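In what follows, chain A forms one complex with chain B and a second complex with chain C.
== the complex of A and B ==
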């Protein structure tokens, strides 16, 4: 088993808002090994992206973060701004959803790729340009498009630009936050293939955030299921699809069309005003008295873990 | 690009006709007979001779129906003739271009100064969002936009000229004479440009591409001055253009306070005297300049924002 590369321990993020304190994520424990790809899955608004942004300390000012994010032996949450910049893009790269809004509209895409190279490797303009062109070819963009602007690209092409940018420095991890959400199915498949290819070729770990179970199956070695700001289940990919444990995981798998398309009743709880007990209990068909009163702890088995009273000894 | 400019120029034609029609009808329905008012001014009598009034009307075609008068005027304009001022007897175009440089120099210097002061301050203010510096800058900007120019002008005269005796009140002709009117115009503009720059920067700094830049490891100074600045500048250019165009004809108050012999003051005097050809001609020329400025601002956009590319079809490969 490869060594752990990034470890998130007891990460809590709260946001101060006018509506009160929003408990965006709570006691998150995750681990990514070298060359592994881990997937974080959950419904919209469950706090997936918050986890991703917290890793690189890119959360807005109103966020209150506690916990540890250990990367290669250093706690990223304790780094100062300058040290953090050395990590961003250089050792951990990020790809976001809606690539169209993530590229600066007033600069040519080639320059935006080259910029990352110039910051971290202190390359001269020409060298950076040459290397940016190489990266463009690597992700399947014609080098002639170096001087074009983001609005001249389709969504899929824009995401390729983002991937080229993420690869600029052979990072050890790429954090991809819903990289294919706004793309059509064929483009999705192409982008996922590309991500998989580049991460395997360059020995990069992948931390993929998605709400799409199909993507998980295609891309990942293991996964973590997130619900209302908590990890409710962690498992290797095959075990998860073969025998999901948490009632929410079961419901999720039941909601995909192949197994008959049974939507989960109710909706995600309001994060400003969380209920006592298990956060899933109002929607859970196995809900018992203890579920309404006591918040379950993570119960670990040999390769997996689950946060549910029905599994605790 | 060229065909875009031509299209814009053509579109300006109906606008200009509309503007001239409106100003013509306004004159027609406003009370007061230009013949009487002018003769009263020229002769210094309270009741000018009826025969003289009639002669004046006949001479200047004021007895014709309004549409005939308008038609004649428009026909002459197309030939490059805007008529002569009733008051001075000199061609309207001459009167305009004798004064326009004076007004424009005032406005241009004031606006450029405002831009140079306000944009950096706006950026500082936004990058230190909600800090003490931000609050202080916003406080002064609020005062700047709230203060009417006539009041500000009078205050400046009072303190700088009368109290401190730094600059004489009426000093037209020396370069010192520019200081007070420019300061007056500049403060108001700078305040509104600063507020807009700040708001626009704050908006841009929330965008995803700024997060991308940070995620790439770009330092904060570069994020603000390189990534955010160009995007935030677009609305600032708009307001700059509007100010410039506006002030080309709208410095009446400042020109009056500082006895500045510019376009605005002459136009107001002409309105009092019902000097029809001057009013018509000046309004027409000022609108034309306004349209030209807004056209050049539109062209400037395409330099700053590649998404605005006139007449270039979207490339998809």
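== the complex of A and C ==
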């Protein structure tokens, strides 16, 4: 088994807001190995993007962060802004959901890719251009489009540009936050295929955030399920789909299955005012007395873990 | 295409293929350039005035984006009673209560405004507005695609329940084939403004004949499928203003032949109710 590359230990993120303290992430433990692709899945508002932003230290000022994010022996949470800038892009790249909003509308695509190269690698103008063209070809954009502007690109092509930029410095990890959610099915298949290809060819680990279980199946080696700011289950992909353990995981897999719709009743809890006990208990069909009183701990089995009283000894 | 009473016909295709245009044309939110739309035997293209108004009540739409289709300055009570007021139809507290109950919304929400509601609740308001006048046809334009999966399942379940209770027909527009499979009785697959294949749901999923349909189906990230067996289409959809000659799909088709570049394929019925327009199918069948 490959060595661990990025380890998140007991990450807690709270936001100070007018409505009170929002408990966005609670005791997150995750590990990504070299060349592994890990997926974080959960509903909107469950805190999955917060985890991604915390890794890169991109959370807003009102966030209170504690815990450790160990990357190649360093705790990223202790780095200053200058050191962090050396990690972002160079070591850990990020791809966002809305590629259109990440590109500057008034500069040509090619120049935007080249700009990153000039700043990070101090390449000269023509060297940077050469490298940018190379990257464009690598992600399937015709070099003739070097001088075109973002609005001339479709969503799928914009996402290819983002992937080209993410690859520019041969990072060890790409964090992709819902990279295909804004794309349609055919384009999604193209982009997922590309992401998989480039990460395998360049030995890059993938940390994929999504709410689509189908995408998880296609892309990942293992996954973590997040609910209301907590990881409720971690498992290798085949084991998860074969035998989900946590009631929430089971409900997710069952909610849209071939036999019809089985929606999960109720709704996601309010993160400013959490109930005692297990955070899933009001929606859980196996809820018992202990679930209402005591917050369950992660129970580990050989390859997987689950946060549920029904599995603890 | 044809939609029967109490039936769900789904239109699937990529963004920009024209599925929404079809839905909007039926309600004449877009005035079609030519052609006929018959609703209960009457050509709605020729109707004007009062008769058209009466007919129009029987046809409603649920929009994709519940956030932008609800007036932010109207309360829930105003929003769900607007269809009655707009059509000068009597309503009272019981009507409102019944409607809220139908879409599983708590009456406490009546005095709230859209920004105070969750995405799922907003879409339920959209559904309530659509069913208020007891229509016979509802055009559901990506009714769940802006929602989270667990909420998505709740909304789709609600739509199914309403169909069971009222016998309403749905024209269900979506690009999510996993959802379409569960919602639709029949499916029409659209590519670049044309229907390339149409048939019963099981025809499309199990015996699809058009290469575009096959590519769409293989693009579904289905759990349990073989990860390697996928048709990845090369290139982008051509622009609608420069439609390719011959078959409109030929620029991306993995099975293209010479004839596809020059001749527009005709539509062939390969089995009862299952129609395809593709040269490859016509050759063999």
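We adopt the following convention: the second predicted complex is superposed on the first by the 311 of 313 C-alpha atoms of A that agree within 3 Å, B and C clash if a C-alpha of one lies under 4 Å from a C-alpha of the other, contacts with A are read in each partner's own complex, and residues count from 1 in each chain.
The definition used in the following text is that a residue touches a chain if its C-beta (ideal position, glycine included) is under 8 Å from a C-beta of that chain, and two chains touch if they have at least 3 such contacts.
Note that the coordinates shown come from a computational prediction; the quantities given were computed from them, not determined experimentally.
On the superposed chain A, the two partners chain B and chain C both fit, without a clash.
Within the superposed three-chain model, A:267 lies in touch with chain C and out of touch with chain B [touch as defined at top]. In the superposition on chain A, contact is made by A:43 with chain C only, not with chain B. Once the two complexes are laid over each other on the shared chain, residue contacts for A:190 go to chain C alone; chain B is not touched. Look at A:213: by the touch rule set out above, it reaches chain C but stays clear of chain B.
When the two structures are aligned on the shared chain, A:154 is found in touch with chain B and with chain C. When the shared chain is aligned, chain B comes close enough to touch A:103, but chain C does not. The gap separating chain B from chain C in the superposed three-chain model is 6 Å, by closest C-alpha atoms. Contacts of chain A with chain B, set against its contacts with chain C after fitting on chain A, overlap at residues 154. Residues of chain A touching chain C in their complex: 43-44, 154, 156-157, 184-190, 192-193, 211-215, 217-218, 241, 251-253, 255-256, 258, 260-264, 267.
Residues of chain C touching chain A in their complex: 14-15, 118, 120, 148-154, 156-157, 160, 175-179, 181-182, 215-216, 218-225, 227, 230, 232-233, 236. Only residues 207-209, 211-220, 227, 230-231, 304-307, 314-317 of chain B touch chain A when the two sit together in their complex.
Listing the residues of chain A that touch chain B in their complex gives 56, 58, 81-82, 85-90, 93-94, 96, 98, 101-107, 115-116, 119-120, 142, 145, 148-149, 151-152, 154, 162, 165, 168.
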